[in-house]
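Order of writing sets the labels: A, B, C and D. Residues in every chain begin at 1.
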Amino acid sequence: MIVVMAMGATAGQVDHVVTLIREMGLREHVIVGTERTVIAALGDDRAKDKDKLENAPGVERVMPVLAPYKMASREVKKERTVVRLGGSLGGSVGGNSVALIAGPCSVENRTQLLEIAHQVKEAGATALRGGAFKPRTSPYAFQGLGEKGLEILAEARAQTGLAVVTEVMSVEQVPLVAQYADVFQVGTRNMQNYNLLWAVGEQRKPVLLKRGLSATLEEFLLAAEYIMSRGNGDVILCERGIRTFETYCRNTLPLAIVPEVHRISHLPIVVDPSQGTGHAHLVPDMSRAAVACGADGLIIECHHDPEHALTDGAQSITPQTLKDLAQSLQLIAKAIDRNVQ
Amino acid sequence: MIVVMAMGATAGQVDHVVTLIREMGLREHVIVGTERTVIAALGDDRAKDKDKLENAPGVERVMPVLAPYKMASREVKKERTVVRLGGSLGGSVGGNSVALIAGPCSVENRTQLLEIAHQVKEAGATALRGGAFKPRTSPYAFQGLGEKGLEILAEARAQTGLAVVTEVMSVEQVPLVAQYADVFQVGTRNMQNYNLLWAVGEQRKPVLLKRGLSATLEEFLLAAEYIMSRGNGDVILCERGIRTFETYCRNTLPLAIVPEVHRISHLPIVVDPSQGTGHAHLVPDMSRAAVACGADGLIIECHHDPEHALTDGAQSITPQTLKDLAQSLQLIAKAIDRNVQ
Amino acid sequence: MIVVMAMGATAGQVDHVVTLIREMGLREHVIVGTERTVIAALGDDRAKDKDKLENAPGVERVMPVLAPYKMASREVKKERTVVRLGGSLGGSVGGNSVALIAGPCSVENRTQLLEIAHQVKEAGATALRGGAFKPRTSPYAFQGLGEKGLEILAEARAQTGLAVVTEVMSVEQVPLVAQYADVFQVGTRNMQNYNLLWAVGEQRKPVLLKRGLSATLEEFLLAAEYIMSRGNGDVILCERGIRTFETYCRNTLPLAIVPEVHRISHLPIVVDPSQGTGHAHLVPDMSRAAVACGADGLIIECHHDPEHALTDGAQSITPQTLKDLAQSLQLIAKAIDRNVQ
Amino acid sequence: MIVVMAMGATAGQVDHVVTLIREMGLREHVIVGTERTVIAALGDDRAKDKDKLENAPGVERVMPVLAPYKMASREVKKERTVVRLGGSLGGSVGGNSVALIAGPCSVENRTQLLEIAHQVKEAGATALRGGAFKPRTSPYAFQGLGEKGLEILAEARAQTGLAVVTEVMSVEQVPLVAQYADVFQVGTRNMQNYNLLWAVGEQRKPVLLKRGLSATLEEFLLAAEYIMSRGNGDVILCERGIRTFETYCRNTLPLAIVPEVHRISHLPIVVDPSQGTGHAHLVPDMSRAAVACGADGLIIECHHDPEHALTDGAQSITPQTLKDLAQSLQLIAKAIDRNVQ
């Protein structure tokens, strides 16, 4: 940490900060500048709370030097993590291939899901998304089929070989979802539901972790760290749009996070252009953009009859659009020496 | 809902929208304007998904007319809800008095908590805050004392008569916390943890619901609606700052929500100036502002030794500052014909 | 500046940064930590561009230590600046009194303005606001009366003694506006129109500088610094709401800026609750909140017939509401040992 | 406009709104729903101020139906606008080719600019960017060479055939800049400097209009409308990043605006990945993403010695990086049936 003292801070105030730094198990290094004194606190300050110092008399500001995450950091592990998705198709996320995960927002019934599953497979997907437990803003909205939905997802996997990616919303659902899913999805609203992060961290199946609506990149990686710190290193980060002042789209999709994650972390990152924009007509272009800037995969909402979808119809593309898109994505991927799986 | 058709939408497209509206159990009312056609969908559209219509050919935009919450709405219940806090001091939130809830961020040990409890009572508080389960951004940070912390809180209540407000972080903690707490706190990271909302909705103790970091007012009231829809009407809303581009403060405290909640809802709203600013030196002024614009209470972090607090020292004021502040708040409250409890 | 080197940065990279620091006229201080090297660059780095260092090989991050403004800083001038407004009523902003500036959004015609001017004076205002040049989002909207509007404002001053606060939108309007106004208003859209800031900086009349819609506090003070650096120290800062994700209000009013400005700057700060909320029904409560947290004044839109106002009717309160509000504000002001002028 | 009345609004209140609607020259259409009354106001409401209605008794909300811009709208002009850039190379923006505009942030001296100009031409650019007048956040920072810089730009054009794109900061600079520039750049801080928009609207050279840091898409198009309404239809929109809570990048680059602009407007849109991210290491990937989602061009900061650049070194790429990038962009462009000019 770097402690910036206020102009005119007294020698006693500097001494007091030094005492606090030593109490934290760190070493101080005092630099007397022309206008103010700066004190560097040396040692591993990751778990140290800069709060303690901020309030001390004569302190103007405290700036951390070390990023607070370790296991998610590229400094600790240079080679990129490749996560195997499961399913007999054998897809993975994080290598040279770009993974395509597609399916409806919600599992609505057996016929709907099986039809869509076969269609997304044909379009080139290696994993099927679909919610059995649905977090909905309103308590009066459709909340998902629950276990029945999970059974249908498993049947779709048996028929198609697609890996199943589905959301788990709370600790007590983990064992049940674990019976059916290949990949746990932790939704945007639960990115900082730490008990849930720990619970999936104790499982031995991959976790697709969606970024919180207003989570900083550091908070996002710390949420991954919660999972990894319990022994599960198979974390797939997912950018799904952030909340800003913009109104033409449901969320703002900040794609620069893709190359930045690749720079500072070894974890793979996929992009959700459906949640990320909220409008089906924006999905193909933003999918292309995501692949072009290096995304390790896409997770796309796809429905054969969007107008009658129980949830998120406005942002679901049809299987035909998905098929056309997949061909286009293959060309983009080749332009950067990758390929769509 | 109001469906705005694109310029040049065909008669067939209008007919198709009308069909979709009827399928939703609503009635249509078609208005042909000079530049475009607008279709009003009449009936209770609260639980209807405007998504279905947005994607239909020829539709430009769909605007909901009804707010999606009911039980939290002032249209349904005109008189203001008053929530009794518990504790032998008999405080409440939502009437003419302004409630003062204070205490440390975390319960750290018995001595610390009892000392602070007596001091905040002396300053005029009727309820004690203090976390036994702490949601922390980093997995390496202090996570709270757990049940031991709850026991200490209960002892403080026995000694002081203060009601105990403490956070519950997951469904499985609800029965345990219910044994000790007078008021469940649902934290900002869990505002849309719907399973947790339902679980506390089934309890018969008040819930202090903190606004999510980037939750809209509508989402905030819908989270309250989740709790109320399970039979627990004693919801206290808590504004604790939102995430914006500002950096001089930890969060941006948007106080206009106080009079707006009073206009559209019957639920009481309290303000957390500690989380809402992140800096102890901003807490007194923002507490005064909150009372001046009508807040039904304040929840303030208070620590007798902020430099050694295990969490949130930078935003904790001392008991002496709290005492001085309480006197100042009394004057502000009187200026608007209220009083601090 | 503090330069944080990446883990594993080479000695050559550190040397290169040292060379760059010396080229900038600063001195280096190298601190070798356990995980990485940190280099402090000592000397006045206000006008130095940290950009140069950020791109150097092996550099992870550069953190400035000194705030880039000087003349606006409290470190340079301890006593608070009091700005005299002009007008025969002799009001000022920045002392113990809280100034009330009120009037219509736009000058619409002579009758309207004179009527409102007399009414706001009666309510207790010492200055009259009113736009003759109006920045409008749409080119098709009413753009103000121009010089005719300025003449009417001057007549209102002659009749009432109120100081005239009115907007200047571009450099070439400065001499004209200077003939009529007591205080130049620089609008939120022009907060970083540097040529305009310089132009009013060369005048010898106060400037009311509105915060840009997404300006940080540092950028806001640097805009003031532009004006002050040309010799005009009479700057009144004005918080008028920022752009966030919130939708129930036109802007989000972040009042914590008031005590923070008082901590780091000697300049007075007033609050605009009309622009700051966009709704007349929120204006009284937010005015009270602003005074309670220490605002040096309020600038309020007031119209005798809001439904027929040419601009901003939705956020204009009536003269009667203003009068009632002024009495309430007096009580709030007294609670913090101030008074409304 | 659609006026939503509050529940329980009286017949008199509805009548009053009808009167106001008629006064505005619009026709009313009253729809009595199950829970509340909705009134559609028919006719061209673009220039009408919904403010008037929002404040009327019994009104809950007013929702505009028509977008307020006309000339920038695709409804008015179906074919896409192609803007010729000038310069003997004959580049344009808005057709099937993707334009490459590159150069230093600032013109620093003759040697620097000429060297870079030749290099960006060799890399494939058709236009040269470079600031002679620089808007700087701090008054103590380098403000540009002024007319001397313009002369150097003209010399670079003479030597290379590149079109010159350079910023104009105020109305009085327009005639001077017009003598040297091929394309006026209006910077992000001036997007709502309406006098400047009008002044360049009266010129007959293209205008590259940068989006304001927190401008909505509607405000962005209305700024274009200001220019177009004075007779200059050659507007190139430029997305350069918005201000959000994110901190790993200087701005958040929201690329979904590219396909959305193509859907609702006929104007071309280019992307600035340098300002849009603030970090040279993010520029290549975000350039690829921008082209992949359909951007009509890129404007990139390029410097042969970023560490000694007077401005924006941290986000400038070298000519060699630009050259490599241009080849990669060509492959991306071909994948979507376009080509880099």
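What we mean here is this: a residue touches a chain if its C-beta (ideal position, glycine included) is under 8 Å from a C-beta of that chain, and two chains touch if they have at least 3 such contacts.
No experiment lies behind these values; they were computed from the predicted model shown.
Asks: Between A-C and C-D, which chain pair shares more contacting C-beta pairs?
Replies: Here the pair linked by more C-beta pairs in contact is C-D.
Asks: Could you tell me which chain lies farthest from subunit C when each chain's centre is the average position of its Cα atoms?
Replies: It is A.
Asks: Averaging over Cα atoms per chain, report the distance between subunit C and subunit D in Å.
Replies: 26
Asks: Could you tell me the distance, in whole angstrom, between the mean C-alpha positions of subunit A and subunit C?
Replies: So the centre of subunit A lies 39 Å away from the centre of subunit C.
Asks: Taking each residue of subunit B in turn, which ones touch at least two of the other chains?
Replies: 214, 243-245
Asks: Looking at the complex, which residues from subunit D come into contact with subunit C?
Replies: Answer in residue numbers: 20, 46-47, 49-56, 68-69, 135-141, 169-173, 189-190, 192-196, 212-214, 219, 222, 225-226, 229, 243, 279-280, 306-316.
Asks: Considering the complex alone, what residue numbers of subunit B touch subunit C?
Replies: Per the stated touch rule, the residues are 214, 216-217, 242, 244-249, 252-260, 263, 276-277, 281-282, 285-286, 288-294, 328, 331-332, 334-336.
Asks: Under the touch definition given earlier, write down the residues of subunit B that touch subunit D in their complex.
Replies: Those in contact with subunit D are residues 2, 4, 7-8, 29, 31, 33-36, 38, 40, 42-44, 63, 65-66, 75, 243-245.
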